[in-house]
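Same chain, two partners: subunit A is paired with subunit B first, then with subunit C.
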Partner chain A sequence: MIVKLEEILFIVTVLTYLVASGVYIWHLISNSQKAGQLGTMLLVLGLFAHTMALIFRWVDSGHAPMSDSYESLAVFSWGIVLFYLIMERIYAIRAAGAVVVPTAFIIASIALVLNKGPNPLVPALQSYWLWIHVSIAMLSYGFFALAFGAGFFYIIQEHLLKKHYQNVVIAFVIMFSVLGLAVGLWLGFGVWAHPLDIVDPVTKEHSNQYSGTDIIKIIGGGGIGLAIGVLLGFLAGKGASKPGFARRLPSLDVLDEVSYRAIAFGFPMVTIGIITGAIWADKAWGRYWSWDPKETWSLITWLFYGAYLHTRLTWGWRGRHSAVIAVLGIVIVLFTYLGVNYLLSGLHTYASA
Partner chain B sequence: MCVHRPVPPAGGAAPLTCGRPFPVSSLQEANSENIAALPKKASKPQLSAGKRIFHFLISMKLALTLLFVIAILSIIGTILPQGQDVLNSDWPKSPLYDFYNTLGLFNMYYSWWFLSVLGLLVLSLSACIFNRLPTTVKHVFKPRIDVKDAFVANQPLAESFAGGSSVAAAAEVLRRRHYRIKTGKTGSMLAQKGRFSGLASVSFHLSFLLIAAGAVLGGLFGFDYTLSVPNGQLVNVPHSNMQVENHRFDMQFVGKALLDDGRTVQVRQLMDGTVVRDINDGGNIVGQPFDLRPSLYSTDLEIFQNGKSIQRKTIQVNDPLELNGINFYQASFNQSSDGTVVSILEVNHYPGKTLVYIGAFLMMGSITLALYFPHRRIWLKLGKSGRLLIGGRTNRSKLGFKRDFERITADIKLRIGQEAGADDS
Partner chain C sequence: MHLAVLGINHKTAPVELREKVSLSEEKCGALSRRLLDGNGVLEIVPLSTCNRTEVYVVAARPEAGQKEILASLALIGEVPVDGLEECSYFHEGDGAVRHLYRVAGSLDSMVVGEAQIMGQIKDAYRLAHKQESTSVLLNRLFRHALEVGKRIRTETAIGENPVSVSSVAVEMAKKVFEDLGGKAVLLLGAGKMSELTATHLLSQGIATILVGNRTLSRAEALADKFHGKAIPYDDLVDYLPLADIVISSTGSPHYVLRKGEVERALRRRHNLPIFFIDIAVPRDIDPGVNDVNNAFLFDIDDLNEMARANAVARAKEAEKAEKIINQEVENFSQWLASLDVVPTITALREMAEAVRQAEVAKALARFDGNLSEKDRNRIEAMAAGIVNKILHEPTVELKRASNERGGYLYVESMRRLFKLNGHKKTAEGARQLHHLEKDEH
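Showing the complex of A and B:
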């Protein structure tokens, strides 16, 4: 009974976010205050359903909802919406909702597709470190995503102010195509491909084996994602190439500061995420560091943003340079969060189950 | 890897070295915070080999290059299978296998060249800390208070007020805003917030060294192996005078089962195959349970020393036994040909672990201090022109400081206005 209710609540959540996305985009285009208020109302309702769905999931599975891709993404999108609503209440940034809410919708709908029902935790995950480590890691990903968004709009705003509309379109196309490619590849891996589930007869440990058709599906997913990304990027770029759009965006100074501030929050978070992970690994496997791919990629993320902070605080880099680094960083973050689970094998592989 | 105090103006020439290649006195000079005032490279032609190596080590370019190299090498290590994993892969059949193996690519994180890069980073960090420490300590504990008029006026944020106003009155405004005030010999004042923020960058880099030292200590004096202990048997623990007995290895699975009324329920399967389920579900199970996943591995261990039992504990994944610095972890299990169940333990001893954890906590504290507690400095003095000069700078969050500074100048104006009014009456 309770499982069904959780699923219905999550479907309601995703549908509400879809409608809210439309309303927020309408608000950005028409500048209608009524639309803005309606969007906020819908988003609050969606967040309520989302929260209930997560609570039901938690009660049903008996552990914090952070053990597989569905749970991790469901919590991630929940965090985005909650964080955004708080931000919207403090600052008047409803225009940003046109980007944030569709992002939350996409992530939540991918989670919906991946939901395979609750699973018992494998022994390695049975620890209170699960929710501490995972929630901190996801918080850091969220801040890096925010830094990416602000950095991206910094670049857009700079080109808009110089009236380099061609570059605006190019920037949009590059961003959308990379994100489209990532989402497509990942849909191919996580949803379309049906690898052979190989179960070890003694230990009952699961592992995946991909066939030729699976590979075609994965590459196809990437191709479709790329094509849709290029198209959407072109349309968005053309749509944004107006002097009026620059006035809707925050000033260059504010975007630069927001991007830096987000990294200044994300960097300590990823540090704590790595340290809690080390403490947990020490308890579970007897080693605080084993150069597991997830560990290594989180170290790469750490080094990358550490370098960002050095260029900024020591060399005094600002503006476009910093924005470009913040934008590139998202590729590493995406790979650490999702790519590692699907493309590389290691101790964290249960995350893709 | 070390953080420079003088932050150059946006887009300006960037200093490529940290700290002392420039004389300390020049750092303290009026406009030294502006990098253009620093001596040019040409002014240091004859340097000894040692100094040249030192300058090479403290350069930010080297540190960032090393970070980049470590990141790239690490990526290779995540793509190629490492350690034991390579034997389970197709790589041994590849013609490139021998070549890659000689290069150490299959045990990359422990290869001499990867460790050398890490070692070079540690050297660079140490040199930076050594280089930065004196100036940082001086900066934090003996800040410059008596400054020239131009120094105050040339700060990124500066303001001046009409004559007749006292420095003390302005300082009072700053004190109310939680600034710490220091008065110099000439009557100038320095108001500061977050002055320990400067130390944070040094302690951050120090924490990095502690972690590295812990890792090296563990690598040199630690050990780490798997130990197979069959059910009911006593086995010697290598590198120690202890024995370990496995009283009973246990495991459980959680999965699903189909009931005769078509429902699916959650069940538990014990090691001997018994299926346990919630009696309240009713109905009868049809066929075998499916979707089984391991939910518990545990071993009832007893440790002996010189024939005497010294500890007994049932260990699980995530719940090891720790004794005399040696840790016993539940790693896995195996079944020997005669049907005996063998518990596989991970036994290790890492003497540097405490250092690593101290380093980790120091790192978290330093990052928080360095990023969230900006060092704000405001100098106050009565200028030669008779005007009250105030000028300030911060090392982080310029926008926040600007708002703070605007509120402060507004308050000072108000205060001066009141004082002027009081004088009139």
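Showing the complex of A and C:
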């Protein structure tokens, strides 16, 4: 019975986030204060349902909800919404909600699709390191997501300033359609397509085989994402061409600073995440490092954000260059976090089993 | 009782006249005392800013006060009454309410959407309140007007988009640097426009001002004025890395700053952004500078275009504000209507009549028809007598009070004590106003 309730609560959560996304975007375009307040109210309601769903899940499965894709995504989106609401309370940055809330919605809806119900822990995960390693890794992803958001807005605000707030529709359409295409393709690959897992009889290596329907699903996902991106980009560009839009975005100074700070916090976190992971790997599998795809990609993530800090501190990079790195970084983070589970196989792939 | 406003403003009167009839605190007090003293004026609030002098009054009779206000204002300003009358406007009833709300919403201001007027209204009202020249009606009207002004500011974006070139420049600078405090400005050329923009920037907490001009003496004069520093014009490129904001308005026929120079300066300041404002015609700064990373260039055309677009946006917001004002005027006039004496007395009489009839019917029913016609009439007459006797004094008193200062207090008390709610809408309007008053305290 409790399982059912958890599922209903989570569906309510996702629907609330969807409506809230629309309201936040409308708030950004129209600058209606009532829309902003409604958005916040919906988000608080959604967060409440979300919290209840996670608690029921925890009670039912008997372990922290961090063991599979659904659980980690559900916790991740929960963290994003909570963190965002706190930031909104402190800094009055409702404009950012137009990006953050849809992101939380997308992540939560992917979690919804992936939900396979509570399951007992795989023996390898039965350790207190699960808590430490996963929560630190998630925290670093959260910081990188924040750096991405600030970097994204930096690029928009910088473009607006360079163009003197005139004729910015095309730039918005391009930016949003790239984003939409990426999300759509990823949904197609990661969620809708179900490739066959082929094991090479000689080398014992895993590889994926995509069928015709899978290809259609992937292309379809990309197409839908692109279409939504073009539409949103057009609307956002129209909105941004209106005078007064500048006021609703923070200044370049603040955006650059937030992006930098977030990475300055996230980098040590991901470092600790990798170290705790290695310690746990030694306990679980007897080796600190085995070049498993997840390990390789976290190293790439680490190097990438290391490069951000390095270019900034020693070469004096800042502004747009840094913002572009922060935006690209999230692609690597997402691949490390999710892509590896679906596209590559290795020791970390508990989810696709 | 009649609400009215008489005044002059920047649209109706030249600045010389406005200056003369501008009212200091003492003059406000003198004017109020003069008018309250047996001129049929019951309440008064004078409002005087650099763009307007207005006198809001509650008078016992329609049109009352108009002549007296004009005469008093002319006396205080030492101007001829005729000249003043020509430039003045007079609104009564809802018209006066609407006028105050439009002033509070800064729709009547020289720069629509400016923010100071709210504070000025608040000060004028406080002063009048202190001088005890207000009562129920103007108290509510002014408190409500401040609420309406606040509502317009929060529900519309009327004050959001700057409409002058220098304020657009400041706003854009703030979109690059969150806080202009402690920043350094480099002024190139000592023109009027750059001076104006610099003044605007100084009010935002700019720390350093450097001035470069072809004639050093003029640079030094301007630098002295802003407590800045004059720099040798030929070395201005060396000073460029020190500047966060550059304002250029030289008369030079060719570019004063080129792309390469800006790129070098940015490297020397570790890519900290520089905001360029080019208000010279022909332009002083190579437009290619805008393509340099972390350099932001706005020229006079860009700023003018943004100011123009902002003015259009403000006009749209002003339409929204007018709608809000329509609603609020309606609310206020409903509350006002509920304070009318005649309907209040009628309502009181109707209520008493209903009670009388019900009670008489009840009493007669107890006698089971054992009463003669005569007895019945006697009982009816007695009941009617009691009602009339009791209501006589309050009725007379209400009628008398309605022509007195603060008379609305009686009407309102009567309505509340006897729960005379009139038509529902009226009560609604009154309750809203009541809430506003409570918030004030």
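Observations, loosely collected:
Just so it is clear, the second predicted complex is superposed on the first by the 271 of 353 C-alpha atoms of A that agree within 3 Å, B and C clash if a C-alpha of one lies under 4 Å from a C-alpha of the other, contacts with A are read in each partner's own complex, and residues count from 1 in each chain.
The rule is simple: a contact is a pair of C-beta atoms (placed from the backbone, for glycine too) under 8 Å apart; a residue touches a chain by one contact, two chains touch by 3 or more.
Everything quoted here is computed from the prediction, not taken from an experiment.
Set against each other, subunit B and subunit C touch different numbers of residues in subunit A, with B touching more. Residue contacts after overlaying the shared chain place A:Gly319 against subunit B and subunit C alike.
When both complexes are overlaid on chain A, the residue A:Phe304 reaches subunit B alone and has no touch with subunit C.
Once the two complexes are overlaid on the shared chain, A:Leu252 sits against subunit C while remaining clear of subunit B. In the superposition on chain A, A:Ala284 makes contact with subunit B only, while subunit C stays out of contact range. In the superposed model, A:Gln33 lies in contact with subunit C only, and not with subunit B. Subunit A residues 253-254, 316-319 lie at the interface with subunit B in one structure and with subunit C in the other.
For subunit B in complex with subunit A, the residues that touch the partner chain are 1-4, 7-12, 14-15, 18, 60, 63-64, 67-68, 70-71, 74-75, 77-79, 82, 85, 109, 215, 224, 253-254, 266, 292-297, 316-320, 327, 329-333, 335, 346-348, 350, 353, 356-357, 360-361, 363-364, 367-368, 371-372, 395-399. The touching residues of subunit C, when paired with subunit A in their complex, are 154-155, 157, 160-161, 171-172, 174-179, 270-273, 290, 293-294, 296, 298, 302, 305-306, 309-310, 312-313. On the subunit A side of its complex with subunit B, the touching residues are 119-124, 126-127, 199, 202-206, 253-254, 257, 261, 264, 267-268, 271-272, 275, 278-279, 282-289, 291, 293, 296-297, 299-300, 303-304, 306-307, 309-311, 313-319, 340, 344-346. Of all residues in subunit A, those touching subunit C in their complex are 31, 33, 157, 161-162, 164-166, 242-244, 246-247, 249-254, 316-321.
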